[in-house]
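Chain nomenclature is as follows: A, B and C, assigned in order of appearance, with residue numbering initiated at 1 for each chain independently.
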């Protein structure tokens, strides 16, 4: 059986093809109108890539747009998908996870058995999320992908107080007007976001063995800044953007095997 | 006839939007599988934004507008007046109040001010009675007059009586002062209507509301065992706020006997809802909780289970005895977060007597008392090992999906493992 | 329901205690309630008289005390303690005939819709000590008569001023105790005091429920055994919503029952259970006997009883 875990996120649509718990193929596409079509195209592309076109696929959907996909075999909430994906990918070692998504940050605490024992999410705004970096990248005329390298070369991090994407925009503009170099501004951005996320993690929200995922976890500059703020080591899974889609697929596989157990 | 001004056109447009918002909420309820025609009365009353003039006509009594839970309804009723809650749950009308009011304002009162603005008929309000619960209510009149009604010619604001609320309800001084406040309220109303409050009328009203309270208690019992969804409860409470007690009581009694014949449906994931008020048609949070597969088995909202504090024991039936009992219930027994001595509020969670999946704490942005008290409630929930989630929101629907993500995650928290 | 049962019990007890003696019922002289010996044909006597007396009480001289009568006095005392232990304050709220007389006055006032007199919290608290002072008075004077040659007209010092003595005999048509006793200065003073106190009490009891109970030395004695009585009023603080119905309904203004504590048995409590009846919270206030719940508060009760 082949399972497609589909994560209809706020900034990107992620698809993971999974068979027997193994990730076969993955790809992300930016979120745009007509999400159902984009997801379908990803699925067709993926099946062709792994050479299993035409096979029946179980579609497990999660993410903000999860209700858009008509006829999905399984709809699962984001935090559960996230938890399952990270637990599986970390071989059950994860006890806390921080997901930096496009529009929100989720901090999830897990029991030793991988059950969610608590979570925290930021308020409704792009503060400290992937979207924030995209806005900054546009103003700085720089790819988000090169943020980490640039930040590593910063002489000192510029102080950025605002974590609101809208206000930070004007703050960045004024820093640029003061002649602060791009590298320093980016390092400052990392720090500011890390501070914000660390604030969310305060008060016992974290256990040890913290895993970081979500699209923004691909940015090592942010990971280092967050490690500095939290004074803890963070683990980043190889494909941090796809853990939620992968988790949705895992959830469908678990439901399937549970059903098989019940019917036998 | 003059061409309507731009503001008047906007107001008229908003009127239409508000009507649609109410109708949409009522329609959603009508299409539910648990709908039955016994609910029709509640949908009829709750499903519209009634003006004071309409309410006055329907009930045959002059209207006194009031805010919050601390002005005894029995006093209004005994004086031949119809109490009408100024509270509003309508999102559309908020827009009319947005410009010119503080940005971080309590959404409930912003909507209430907006709702006053769209009332085209001349106000037939005898007076406004406003308990001084929070800063927003104290300043309500000031904010309301800042935004004049441009649909009514010569509209003037009704006279206002502030019911000063002692913020310590368990002290002797606080209790004595509130009793005094109630006598001042009676003086004020007597002057307005030119009649005295009689003991027999007050006693009759007290008994009527006690009867109604018994019915409310039955409804609460029915929601505990899964037979009454929160959205219905909201409609029932809204009807109470906007219609005469006699009509509501008759309809509620019929509803109780209908529901008592329904099967008990113990909910798998019962939650306790508390925090800022939820008023029809603002069913956003209630709908999302349901969508996240949880059931509100109990709440502690001031326009819901705490609708009015009827659980009153009365021994002394003189006027001062009745006022003392009313003061005791409306002030000392009131669990509004405006009070300083509210340590035992969490007990209402413990008193539910059901296994709870968790506590959902609703904070309307700008509603400071509930915002502040959420800290205490969260700490006590942690001590009692009950999952707790705080949802901060407004009337606008744009954050519905983000809230749903949280609620779904909350529904999936492993309670047993949290120790 | 609790009030109805209590009223019924009180009336039954009143009839039996006041008139039972005429039908041969007699419960001896050790009753922990005001079944007054001055009422001809009553079926049992208030122990306070025995306690002050020179036959079974503190006014007995040493010689008598060490004789067989001393043992008998001890037996009467033992019976009193036993009765007190078994029923505790129930004697006050459910049995005491004078308690019912006070309740009648309250009912009359309520019927006339006359407001109850209110006291300040501090003022009310200051009155609490009076019952202990009266207890001290009724124990010391008899001993002074027995051992310090105090005039014997001082005997039964509490009965001499107790409002029950002139008032209760009225129920058997005896007005004699309203008259002044002019035998000597002591008796004259006592009888003037007695009538004055009785008149003041009638007024007080009309305007304030159970006004006399505030001062009753019997209440003080019963309270001394409070720690070991099996009947207890308890509270489950976690489910108390702090609404205040209990303390407002309390005829003797007890505030402790409203507080955030498990032991709410106050020294002035009459176990009338009006607080339990008026509590709108399930399983919060309850009467327990030997640790078993007997009567428990319930949300539904208030909707039906008020």
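Please note the rule applied: a residue touches a chain if its C-beta (ideal position, glycine included) is under 8 Å from a C-beta of that chain, and two chains touch if they have at least 3 such contacts.
Predicted model only: the values in this text are computed from it and were never measured.
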Worksheet item: Draw the chains as dots and join the ones that touch; what shape do you get: line, ring, star, complete or other?
Response: line
Worksheet item: When you take the mean of every protein CA atom shown, which chain's own CA mean is nearest to it?
Response: B
Practice prompt. If we define chain centres by averaging CA atoms, which chain lands farthest from chain C? Would you check?
Written response: A
Worksheet entry | Intercentroid distance (Cα basis), chain B paired with chain A, Å | 40
Worksheet, complete the sentence: So, in whole Å, the Cα centroid of chain A is separated from that of chain C by 75
Fill in: Centroid distance [mean C-alpha coordinates] between chain C and chain B, Å
47
Worksheet item: Considering the complex alone, what residue numbers of chain A touch chain B?
Response: 64, 77-80, 103-104, 106, 108, 111, 113, 115-119, 121, 123-124
Worksheet item: What does chain B use to touch chain A in their complex?
Response: 292, 387, 392, 398-399, 401-402, 405-406, 408-414, 417-418
Practice prompt. Name, in rising order, each residue of chain B that touches chain C in their complex.
Written response: 170, 172, 199, 210, 213-214, 217-218, 221, 309, 311-321, 324-325, 328-329, 332-333, 335, 343-344, 347-348, 350-351, 353
Worksheet, complete the sentence: Residue positions on chain C within touch of chain B in the complex are 110, 113-116, 120-121, 209, 237-245, 248-249, 251, 258, 260, 274, 277-278, 280-284, 299-300, 302-304, 306
